[in-house]
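Next up is a structure, given as structure tokens.
Per-chain numbering from 1; labels A, B and C assigned in written order.
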Amino acid sequence: MHIHFLDSYRPGDSLIHRLEARIKFILTIAFILTTALTPQDAWPVYLLLLTIVLSVIVLSDLGVGTVLKRAMLAIPFILAALPTVFTLKGEVAWQVSLGSLEIRFYQPGLVRFVSIALKSWLSVQAAIVLASTTQFTDLLMAMRAVGVPRLMVAIFSLMWRYLFVLADEALRLMRARAARSGQSDRPDLKPGGNFAWRTRITGGMAGSLFIRAIERSDRIYNAMLARGYDGEVRSRPLPKFELIHWLMLIGGLLALVCLLGLAHFGF
Amino acid sequence: MHHSIEIRHLSFAYPDGHKALDDVSLKIEPCEKVALVGPNGAGKSTLILHLNGILQGQGEVCVAGLPVTKENLGKVRARVGLVFQTPDDQLFSPTVYDDVAFGPLYQGLPIEEVQARVEEALETVHMRAYAHRVSHHLSVGEKKRIAIATVLSMKPEVLVLDEPTAGLDPRARRSLIKLLDELPLTMLVSTHDMYMVRELFPRMVIMDQGRIVADGDTQALMADEALLEAHGLEKP
Amino acid sequence: MSSLLSPQPMHIPDGFLSVVVSLVLWVISVIVIFFALRRVNQDLGERQVPLMGVLAAAIFAGQMLNFTVAGGTSGHLMGAAIATILLGPWAAILVMTTVVGVQALIFQDGGLLVLGANIFNMGIIGVAVSYMVYRSFQKISGGNRWGIFAGGFLAAWLSIFIAALAVAIQLALSGTSPANIAIPAMAGIHALIGLGEGLITLGALAFVYATRRDLLGEEAQGARGGAVVWIAGLLIALALAIASPLASAHPDGLEWVAEQKGFLDTAQGPLYEIIPDYIFPGISNEALATILAGIVGSLIVFGLALAMAYTRKSRGASSR
């Protein structure tokens, strides 16, 4: 099976892959909400949350290393929280003198910074597991189940269908531009043009994508009409949510609630 | 001025593990016209993408006398003109003039020289009158010729084309074949059009499953029907 | 390949906004989306699904296109402005929601709990501000060419700039970043990034103007209910433009608010002195009055300018 470089889904047959999409979807969001609601210095609870997510990763056969590596992508944003270390005043954890400059690392600031980093890291791992073990069509069904309007789901569905087609077009546009981005042998000439020119060219590429997309949508619309589309979005009924599913869902939610209770009142 | 292509023991695998090129070696002399044929998935397009460094595999690729490395990419791309299969993905400027001017403009040439290059390139593809037309509204045949012009304006030493006659009606095809015949450049063309191969290309390279399985005189190879059939080709 | 998908500075990941801020923005976004769905149903009719779906894919693909800024850094398109110009405000909101949603769900570009905030910043603020600027230029220039390009450029620039202010204030309100650092930093960086967005939008508009001028006509822009978006865009832009320097100058005020609103995820221990009575919003009455006065004053001035442009145009037309 040709895996498009963009697709996050990794086919597999693990317990997590086979788990009902609606349960996975709701529990992932609940897990992220739990990390968000966990108090900043409830370190033992963070450890428990990490254990939970790592266990799920192991059960999903995704490979802990692979998931952790992908989780690193969200790290750059942590710079936004870095200043808090120096501005959230309280007990001084560490002091550094650079000439006449005194740089203080405050403890409350450090606590906040580390907790933000942890919450973010835990949340993104959960999101990666969800996306890697659930086919997009199943995620759409989960969205329908939690109440996302049919029209919205239909737009998602069509976007997904054409996402890779258009992404490939974008890739080819960039390759075509690269192929014509040459450097002359003449030493007096500077390649690359200026910023304004480069961005306008990129804009033309985007414009080309959009125009072709709009014209393609005309053809898609005609094809849909030919199959009896009348504007009303109908979809297959959702498969039955069995008792065992309810039990798993409620069990998972209860576990997270208990963890929260522990976090807030147990320490 | 080298006008040549030299590939030595090139191998390449895509990130998902699929091995697209397996120890490919190829040497093309100045002003030679070579056809690259083979079934879909043989690795023809992948090989072409190595010639200007869009893809980089293990082995050596030398184009117009320059090794294709990260440092040389700019200079390599000025010397080898790559024309892709879908013209829509190569014509990304509002007018034909803008598209053909992109190459020279990127290189930093003065405006008068850019103008001269654009006119010359359009003249070569017999589309001088189209300079201020909007590419989007042209026919496929016209777009393909403009796409070639966008590359010719860089005055490359080597021209590489991926499926130039695909999707063309007989008249447009005839006109494109005539154009390719007129161009005095070293040429490597990947194609399924066996009739064009017989007509224009004295040398033919057959690829299959990432390897070169035959490389030689077109007439001689085309006489070997068993060989052609074994690699999904039809004798014209 | 990951460089193609590198997180944009505007996609906020989970953990960076407090639960209260996240939920409030979710509620607002959901309300707007529901409203947009109804509007689009009425205006576009059957064509809506294929058009919006494919264009959402195109915007996503368009965000992959890069251009070299300087040295090794590259910039990207966000696309709210061009979506608004091509589709009108309500469809654009839905398209941007889909793009941001897929980015969060599938590519972890932006968090799931904070998805409401990301949709609000890039979809709703981005679209509303773009619409306000572009539509104004359209009216002032009478659909003239310069109006399309100047309006498009400015719409794109402002959409990025104002959205960045919103992100900074949200981070400050959540206690993630101090306001006096976050706001100037985001404002400064995105004033520059907005230039890139403006120029790309200009290039895209040039292409569209040459190939399919009909797509830039009045129909998409004259969508019913557009006035609501126009006013919202103006209010948001003004509110953020006024609030940002204020908040930046008084970071403690916002930090105090953050403490109150962040109470859910703050420990009950002795690390912080939590004031037990939660007064919302915590900004003094004088400051509030000044801000309101500023908004009303700016609205009056803007309205006068627009009215003048209108009457001049109609007088010019009738005297022929």
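As a convention for this text, contacts are C-beta pairs under 8 Å (C-beta built on N, C-alpha and C of every residue); 3 or more make two chains touch, one makes a residue touch a chain.
It should be emphasised that the depicted structure is a prediction, and the values quoted were computed from it without experimental measurement.
The greater number of contacting C-beta pairs, out of the two interfaces B-C and A-C, is seen for A-C. Each chain gets a centre from the mean of its Cα atoms; the one farthest from the centre of chain A is B. Chain centres defined as mean CA positions place A nearest to the mean of all protein CA atoms. Chain centres here are Cα averages; for chain A and chain B they lie 39 Å apart. Chain B and chain C have centres, each the mean of its CA atoms, that are 44 Å apart. One inter-chain figure worth recording: chain A and chain C are separated by 21 Å, centre to centre, where each centre is the mean of the chain's CA atoms. In chain C, 1, 206-207, 211-212 are the positions where the chain touches two or more neighbouring chains simultaneously.
Looking at chain A, residues 5, 169, 173, 192, 201, 204-205, 207-208, 211-212 sit in touch with two or more other chains.
With touch defined as above, residues shared between interfaces to two or more other chains in chain B number as follows: 15, 92-94, 136.
For chain B in complex with chain A, the residues that touch the partner chain are 15-16, 18, 49, 52, 54, 74-79, 81-82, 84, 86, 88-94, 98, 102-103, 105-109, 136, 150-151, 154.
On the chain A side of its complex with chain B, the touching residues are 2-3, 5, 169, 172-173, 175-185, 189-193, 197, 201, 204-205, 207-208, 211-212. Contact residues on chain C toward chain A in their complex (touch as defined above): 1-2, 5-7, 9, 12-16, 18-19, 22, 33-34, 37, 40-41, 45-62, 64-70, 75, 77, 79, 82, 86, 94-95, 97-99, 101-102, 104-108, 111-113, 171, 175-178, 181-182, 196, 199-208, 211-212, 215, 251, 255, 264-269, 271-272. Residue ranges of chain B in contact with chain C, taken from their complex: 15, 92-95, 134, 136-137. Those residues of chain C lying in contact with chain B across their complex are 1, 206-207, 209-212.
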